[in-house]
Amino acid sequence: MAGKIFALVVLLITLATAYCVIAHVWWMPVDISVHGPKIDHQIEETVLVAGLLFIAGQLVLAAFAFLYGHGGNRIKQIPGGAKPLIIFAFVLVGTEVVALSSIGAKAWGAVYFEAPDPASLKIDVQAGQFAYYFRYPGPDGKFGALHPDLINEGNQNYFGIDADHDADAKDDIVTAELAIPVDKPILLSLHSKDVGHSFYVRELRVQQDFVPGLNIPIHFTATHTGRFEIVCTQLCGLGHYNMKAYLSVLSQSDFEDWLKKQAAAQ
Amino acid sequence: MHQTARHAAVHHAPQGFIRKYVFSVDHKVIGIQYTVLSLVAVFVGMALSWAMRIHLAWPDAHIPLLGMISPNGAPGGLMTPEYYLSLMTMHGTIMAFFVLTAAPMAGYGNFMLPIQVGAADMAFPRLNMASFWTTLVGFVLACATFVIPDGPPLSGWTAYAPLSAVGPVAGPGQGWGQNLWGLSIVCFCIASLLGALNFIVTTLDLRTKGMKLSRLPLSTWGWFIDAWVSLLAFAVLLPTCLLLILDRLGGTSFFIPGGLVINDQMQPHSGGSPLLFQHLFWFFGHPEVYIIILPAFGIVSHIMPTFIRKPLVGGWKVVTFAEIAVGTLSFVVWGHHMFVSGMSPFMAMVFSVPTLLITIPSVIAVLVWVFSLYGAHLRFDTPLLFSLGFISLFISGGIGGFFLAQPSTDSYLHATSFVVGHFHFTMGLSAIFATFAGFYYWFPKMFGRMLNEKLGKLHFWLSFVLVYCVFMTMHLTGFAGAVRRYSALVDDFMIALIPANKFMTVAALLLGATQFIFLFNVIWSRFKGPKAGDNPWGATTLEWDTASPPPFDNFGGRQLTVYHGPMEYDGEASVMQTSPQPSVAGT
Amino acid sequence: MSQSAVAVSQHEVLMEASPYGIDKKKLGMWVFIVSDACTFAAFLFAYGYMRIGAPLWGTPFGPSSVLNGMVMTAVLLTSSFTMLAAVRAAQTATKAETNKWLGLTMLLGVIFASLHLREWFKLIAEGWRLFYNPTGGAPQFGATFFSVTGLHLTHVVSGVIAIAFVARGFYRGRYDQSHVETVGLYWHFVDLVWMFVFPLMYLMNAH
Amino acid sequence: MKMQFRIMALTLCVLALAVVFLRFTPAGAAATGQIVGTVKLDGQAPHQKPIDMSKDPACAQVRNGSIASQESVVVGANGGLANTVVYISQGLTGNEAAIQSQAASIDQKGCQYIPHVVAMNVGQHLTVLNSDKTAHNIHPQPNPTGGNAQWNKSQLAGSGPIDVSWANEEIAIPVKCNIHPWMRAYIAVIKGPFGMSNDTGSFKLDNVPPGTYTLTAWQETYGTQTQKVTVGTGKPSTTDFTFKAK
């Protein structure tokens, strides 16, 4: 009896889970990046592979609990003993592992090993408790030097740039929102001013930690216009849950107008 | 004059309450002390999770009790973000260390391992007592963070530097809360190291005549392998915590780089590396999840043959070597926690390979358990139910591993609730289910009385279903990009997921309520349960070859000789025969 | 036939033979050594990580310090030999003989510790701190040097104390030669660790 | 029992009387003077950048359209410099240090502190309110050597006011909200009488006993200026401050 119930429960759980995954009840938002499809493809591959293992595993467990749950039957040993199981594990799982890691390596390499396009738009990103700020080099295309001792958020000097004495810094444009032109390669340089943070845009399929003391470059190209959330995924303190900024992907002309407006506001 | 191992602990049973039950050197008492400590800890940790779950589903809910406990953290019962993170940190710390690491290893291991190998006590009884009391001090220190004005730390159980290293400027709880946390973990490390040492020596040196390594019960194997893993892992967490404390109190900069500006204040540190902390922590942290799961492997492999009335496929060898492989590989995979941490992307790929490879021994173990059921004669007592639950949960949890082991997929799922669901399935609930299986199995031996089967089964069915409701849903919301460790859901994204969170919260609260059935069962059966014989389950290992509860020297002075392994079942007969290890029969 | 051999054979009567044929105290010490080695390794890993990461690393040790280190090394090595002699004596010779060698070992341990502390005070006088580097280089030098050598010093001091206990117990007949052997094992380990600490912390930081 | 009650009642009456007495003697009995004046800025005020609050949409909600800008230098009509704290830095005899009876208050509205600068007495109570639909954390950072404690506490939307006070004089304690890093307020904790300049730059110190004092004006960007001032009863003595723009 208990065996039958157990089998039924496991079956229901398996079906419910499978349904939720296949029907995408909760699923990734539509991807808006050039590299994203590779990651999505990799996730779907894994869903297939792992999903089959999941269903197979649970159903065999359920089946055995169902079949051998009542007394009286003679004890049977599985033919061949452990050998076939071990071979199965090595061959099947082994091949899956190799397949996944080789395809996965491609997807990963496409994101992280491809050199950034030299023509890409460089933007400086600083994370701090609990907000992101973005810095555009301005007309001269040069970023001013950073002086941590000058950081004063009350006066909105978030980066610690010395606009009065530093020519490069004079025209730097500091914003609270990340606006980028669509279809243009973007190169972000991530650095944190206090503790660990992270840069996560679900639609971009980009997640990268800020590590204090390091400058971490990431590059991507957005393919759709729109406004998306940048959220922090590295526990950074009491405001972690509310540490976010907005990414707006604009057409080239809109982007230029926006940049002008920001420059005027400095 | 040298004393033989048997005489080592058998001077004569200590007299007087204190020596007998409080500062006892008897491994059985210490085992029970550990078990009770974990039982207390698990309910504390669970209560914390209720508060968190309620807050996530109904952020404006006032929890008056919470307001009473911490007028500072939850004024009027309304939880502040920092208090949520404090609860989260302590939930992780208490559960990972004082429940999952303590109960199945130190709790049952202490009680059962010496009996299973036929010894009178652990190799170093005083050391054993020392490790329990050190653990207790660690637990008290951890709980003390709740009563200090600043409250517990909010940097999570992983305590990533520099958040955990720079001190009070980083936020509430980062002052003495974090210091106490560090000290508590230091205590726990020392205790675990002493414990592991004791387990290893006992297993190697105190086996009774005929108890060859090939005849060790599989639970003993689990604890033995686990002892080696913790011996190496905690030996690295200890210095990590010491360096963290040095950074906080000694002004050093191991984990704190230069030029940090917190609240517009320049920090007086320079030259440290947050990644160093992550490497050191995860070098411990990943083996830790296997430290938690290996005893579970052992316990389930030990229990199943008794209730399926046949040996495991491949005998002791296959499972044991799978465990050894898992334990070994666990030391070369830590980098998969750092795929998006700024570690070189090449290293990420290097680490992903052993991480995927470790699934092979795990799959072998699972196949052994599942296919041992083939042609078996299942006896659905509660221990078997929980063992089957363990297998199902471990499969589900392991599956999630495929996604997190690959850098490319992890870069989307990292730090989403998918991860939370994943490690709750694997190191959390699989281990807990195995622990429950062990509890229902060994309770008669520990206290001489049976637990109530009806309540036990009820406990299982509810727990099993509700666990899936909570943590499978977490996996799924993870796919939608729900970020973990958020104290309130304010993103456009997260707001859409509040209904799912309401569902999880309700399930989690019911799950919590279910555990009181267990608690009642334990307390009631401890005094009113039917008397258990020496061997109520018809098992073969030595712990069932003595009285329940066993006498002070475990076998009443009998000198046992073992003639065969733990799984000698006469598998072909229609009536299942079992023969205890000391009997010459089954050979 | 030595006492330990007797012990082992008695062990065999009732118990399964230990796979290494050594009694539990010594096995315990070996296991402890394995784990303690990991702890030291973690400290030294941190030191290496810090040092590689640091643009400018302080190298404060002049000839005098190196010489001091050499002497310390010699002292510790000698103490290992006296410890060997003590163990031999415990197995074969009289208690007095054993305690003489144990005493000598403790003396050498104390000399090592005092020489070491002298080095520390010298550095502290020069302004080196856990968090400060008077030469303007990476502050990690003080942090790593004091923590690593501090850890080793703690081992030496506790070793001396342990030897004292064992010597007392042995003299009163409460302990047998296996205890002497076990504490000897520990002492040799402390010596061995120093063979790593000395080149890494001293020679590599000599100018 | 009854006895105890009597004693308690009696003590209470005495205490009440004492309070009333203390409260009114300085003002009532000894006639006191008044200091009035204006604070002006000589030169061009630095550009007050508008604040981009897009990080937290809840901020904009409450502001309904109005763009916030930083308030490090707020200059009103004819160069009057607002938010300047004027207080007596030397010459106090001590008996005029009567604590303001009613609590000062600071509100968090539209993700800015209102007012931007709060002046209060040592030991006076300060009520911190949150009128926003989002959580703030109030994080005063007094000088570590000044004897006032640093603390950091979240205040959720719709949660009750937080009541605080400081035991030591400090001008001025910066306050920030880490969740909204642009938020900045200053709390000047002062012994004795004080004034605060408004948009026209004029300020007023009441209940100043006759005598000669050093008067200090503090402004967050331009620092402090001091002047000697002699106060008599009758007509208020006038003191003006002028800060030079950098």
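Think of it as A, B, C and D in the order they're written, each chain with its own count starting at 1.
By definition in this document, contacts are C-beta pairs under 8 Å (C-beta built on N, C-alpha and C of every residue); 3 or more make two chains touch, one makes a residue touch a chain.
Owing to the predicted nature of the structure, the values given are computational and were not obtained by experimental measurement.
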Remotest chain, chain B as reference, centres from CA atoms: D
Higher-contact pair (C-beta pairs counted), A-D versus B-D: A-D
Geometric centre: closest chain by C-alpha means: B
Geometric centre distance via CA averages, chain D-chain A, whole Å: 46
Distance from chain D to chain B - Cα centre to Cα centre, in angstrom: 54
Approximate Å spacing (C-alpha centroids) for the pair chain A, chain B: 30
Centre-to-centre distance between chain D and chain C (centres being mean Cα positions), rounded to whole Å: 62
Junction residues of chain D - those touching two or more other chains: 134-135, 137, 152, 154, 174, 176, 178
Residues within chain B bordering two or more other chains: 80-82, 171-172, 263-264, 272-273, 488, 490
Numbers and ranges of chain C residues touching at least 2 other chains: none
Pairs of chains found to touch, sorted by chain label: A-B, A-D, B-C, B-D
Touching residues (chain side chain A, partner chain B) in the complex: 1-3, 5-6, 9-10, 13, 16-17, 20-21, 25-29, 38-39, 42-43, 46, 49-51, 53-54, 57-58, 60-61, 64-65, 68-69, 71-78, 81-82, 85-86, 88-90, 93-94, 97, 100-101, 104-105, 107-109, 111-113, 128-129, 148-149, 151-154, 160, 193-196, 198, 200, 202, 205-214, 216, 229, 231-242, 244
Chain A contact footprint on chain B (complex, rising order): 80-82, 85, 154-156, 160, 162-163, 166, 170-172, 256-264, 266, 272-275, 308-310, 313-315, 318, 340-342, 345, 348-349, 352-353, 356-357, 359-360, 363-364, 366-368, 370-380, 385, 388, 391-392, 395-396, 399-400, 402-403, 406-409, 411-412, 414-416, 457, 461, 464-465, 468, 472, 476-477, 479-481, 483-493, 497, 500, 569, 571-574, 576
Complex interface listing, chain B residues touching chain C: 1-2, 4-6, 123-124, 193, 196-198, 200-202, 204-213, 231-232, 234-236, 238-240, 242-243, 246, 250-254, 268-273, 276, 279-280, 283, 559
Touching residues on chain A, where the partner in the complex is chain D: 128-132, 153-156, 158, 175-177, 237-239, 242-246, 265-266
Interface residues, chain C side, partner chain B - complex: 3-4, 6-7, 10-11, 13-16, 18-20, 23-24, 27-28, 31-32, 34-36, 38-39, 41-43, 45-46, 49-50, 53-54, 129-131, 138-140, 142-143, 147, 176, 178
